[in-house]
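In the two assemblies presented below, chain A is common to both, partnered first by chain B and then by chain C.
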Partner chain A sequence: MTTLALTINGGAQGPREVRDDLTMNDFLREYLGMTGTKFGCGAAQCLSCAVIVDNPDGTSYTSPTCIVPAKSFDGKAIRTVEGHAKNGELSALQKAFIAHFAFQCGYCTAGFLNEAQVLLERLEKTPVARAELEKTIAEALDGHICRCTGYIKYHEAVRDVILADPKRYLV
Partner chain B sequence: MEGWAAGHAHARNGATGAMAHAFNRWAWSQATFAISGQAWTADIDALAVRNGAGKFVRLDRTSVKFPPTDFNRFGSTYTSPCGTLVRLEIERATGALRIAKAYSVLACGQPLVPEVVLGQAQGGFAMGVGYTLLETLPPYEGGPGNGQWNLGQYLVARGSDLPLRDLEVEVLPPLKPNEGPKGIAEVVMIPVVPAILNAIFDATGHRFQSLPVTQAMLRGVLK
Partner chain C sequence: MKSETRFQTLVSVAALAVSMHAGYAASQAASNTLASPESFSSIADADARSAAMFTELGKVLTHPRCVNCHPAGDRPRQGDESRLHQPPVERGIDGHGTETMRCSICHQKANFEPGRVPGHPEWHIAPREMAWEGKTLAEICAQIKDPVHNGGRKVEDLIHHIGTDTLVGWAWQPGFGRAPAPGTQKEAGALVDAWVKTGAVCPAR
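And then the complex of A and B:
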């Protein structure tokens, strides 16, 4: 057993005792009831289970949760799909996903949302040239697998958010 | 209940029930009925209406049309025809294939939710790319039947396998003003496969007889 304490969507969780082999996905979904994070392939290959991990230096990255033990998130700060909306209002990215009908079955959406949010925050710190934008979005989202709508609408939604505020994201 | 439409209909002895009969033989039967003094034409061939708590009364019909019996010999008026064109580039030295541009066209009558039709067309394109170039499920011991396979072996199309900025989808307008919606399901993926294979033939002069056509297979015929 391991004592686990972490921050999820700005709120403290734990400390609580968890099994060493408990995955982060089971911890979120089964222990906390946070089912926004999905379980897909169970092999970290589809990334529907990805959450955002916030580094102390203000940078962030996404991590799969299906094959990662919960205990490796001890002391960390993470964000899940439940944390994007603020005061009941969806984020710009969430609104763009809806406006573009970016998802159908919705299974991959939380992973795409987290990945795209990390991209937006990265671009705020290190903007790219407009000419680099398509490639930047494509590379950022590429590991995520979607079997319904063929990716294009996700890309268009992310591009729209960036181009709606080019001074914030582009050089 | 007072205030509800049904309550008003019962209180005023208005229409409280309707029963219809319809017939389909790759086209619907059609008839015209007199309702409250107005002629109403619909894709049904019988109509009965009940007023208040009364009995159902069959309405007289005029201009009855049934689809010809010849229609029994075919069964395709409700499908959505579609087609795809692709332009691809194959690197001679490595066999690496890139789809540079694509165009899918389909006729699905009046789309109910155009955004979903577009999403299906784009997703169908991705699946067609997967079937042609990536996805394989071989039989026997080394195949997925051994229970060990996952997305590392069963490769599906990712964003980088697609022309994300150069896939054009055209939904043709309905042929007739009263043409209803027609299902598309995943039909939009079907023409993607021969389109890619024909483009590969055009580029390499080789007709592949099995799928998926991998980079190694392409390299093999380019040497």
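And then the complex of A and C:
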């Protein structure tokens, strides 16, 4: 057993005892009831289970949760799909996903959303040229699998959010 | 053909098939072990003995547990089938993954069996100049002796690297669903030691 304490969507969770073999996905879904994070392939190959991890230096990255032990998140701050909307209002990315009909079954959406959010935050710190944008988006979303094949719509939705505020994300 | 003759022929064919199968099984078993340096003492010629010991070590060096992370390209491989790593990852600048997909995000400090993910504190892939994938044992041998391609090591340093380095040692404790490298790390280290002390001669092919 390991004592686990972390921050999820800005709120403290724990400390609480968890089994060493407990995955982060099971911790979120079964222990906390946060079922927005999906369990897909169980092998980190579809990334529907990805959450955002916030580094102390202000940078962020995504991590799968299905193959990673919960205890490895001790002391970390993470964000899940439940944390994107503020005061009942969807984020710009969420609105764009809906506007573009980016998802059908929605199983992959949390992973795509988190990955796109990390991309936005990265571009705020290190903007890219417009000519590099398509490649940048494609590379960021690469690895996320959508069985409903919404790839292009996800891509277009992310592009729209970035182009709506070019001074923020582009050089 | 009389029935008695036909029966004898069938028995002979069956016996031959069984013996071939047995031979194959024995060979398979041998591939999971490493011969000791002493077992090469019957080879009188020192160069030939040295090369033979490296060939034995080659069972480790060409094993998926080693080659998967000594890839020819920028993507590691995985599994006993050495398929391309999924999810798609790349070496990045330092061999620890790209900026947004570091190896350590999934690979923890130790194997995590519920996720079937191998782990080690220093999990990363070997530098591009240390690629072994697709190379002959002779090519790997020449490369492993070349400081430009072995991380600036002397051949003597390889005794420690292969014999005691804990990331290399993971190859013998790879976790569920992955075949361990042949023999033991100690046996592999003994082979490197003996190979170096006999001149570190490379096999012809």
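Everything that follows uses one rule, which is that the second predicted complex is superposed on the first by the 169 of 171 C-alpha atoms of A that agree within 3 Å, B and C clash if a C-alpha of one lies under 4 Å from a C-alpha of the other, contacts with A are read in each partner's own complex, and residues count from 1 in each chain.
As a working rule, contacts are C-beta pairs under 8 Å (C-beta built on N, C-alpha and C of every residue); 3 or more make two chains touch, one makes a residue touch a chain.
Nothing here was measured: the structure is a model prediction, and the numbers come from that model.
Participant: Quick one: chain B and chain C on chain A, clash or fit?
Facilitator: fit
Participant: Quick check for you: in the superposed arrangement, does A:D21 touch first (chain B), second (chain C), both or neither?
Facilitator: After superposition on chain A, A:D21 lies in contact with chain C alone.
Participant: Just checking: does A:Q45 make contact with chain B only, chain C only, both, or neither of them? Give me first, second, both or neither.
Facilitator: both
Participant: Looking at A:Y151, would you say it contacts chain B, chain C, both, or neither? Reply first, second, both or neither.
Facilitator: The first partner, chain B, only.
Participant: Give one of first, second, both or neither to describe whether A:Q104 is in contact with chain B, with chain C, with both, or with none.
Facilitator: After superposing on A, A:Q104 lies in contact with chain B but is clear of chain C.
Participant: Where does A:V118 make contact in the superposed view: on chain B (first), on chain C (second), on both, or on neither?
Facilitator: It touches chain C, and chain B stays clear.
Participant: Kindly classify A:I162 by the partners it touches after superposition: chain B alone (first), chain C alone (second), both, or neither?
Facilitator: Touch status of A:I162: no partner.
Participant: According to the stated criteria, A:G143 is in contact with first (chain B), second (chain C), both, or neither; which is it?
Facilitator: So A:G143 meets both chain B and chain C here.
Participant: What is the contact status of A:S63 with respect to chain B (first) and chain C (second): first, second, both, or neither?
Facilitator: After superposing on A, A:S63 lies in contact with chain C but is clear of chain B.
Participant: In the superposed arrangement, does A:A96 touch chain B (first), chain C (second), both or neither?
Facilitator: In the superposed model, A:A96 contacts neither chain B nor chain C.
Participant: Measuring by CA atoms in the overlay, how small does the chain B-chain C distance get, in Å?
Facilitator: It is 5 Å, taken between the nearest C-alpha atoms.
Participant: Identify the overlap between the chain B-contacting and the chain C-contacting residues of chain A.
Facilitator: Chain A residues touching both partners: 42-43, 45, 142-143.
Participant: Taking the touch rule as given, give the residues of chain A at its contact with chain B in the complex, in rising order.
Facilitator: Against chain B, chain A makes touches at 41-43, 45-46, 100-101, 104, 134, 138, 141-155.
Participant: Which residues of chain B touch chain A in the complex?
Facilitator: Listed in rising order, the residues are 115-116, 118-120, 122-127, 150-152, 156-160, 162, 164-165, 167.
Participant: Mind listing the chain C positions that touch chain A in their complex?
Facilitator: For this pair, the touching residues of chain C are 86-88, 100-102, 105-106, 108, 112-117.
Participant: For a test of understanding, state which residues of chain A touch chain C in their complex under the given definition.
Facilitator: 21-23, 42-45, 47, 53, 61-64, 66-69, 72, 118, 122, 140, 142-143
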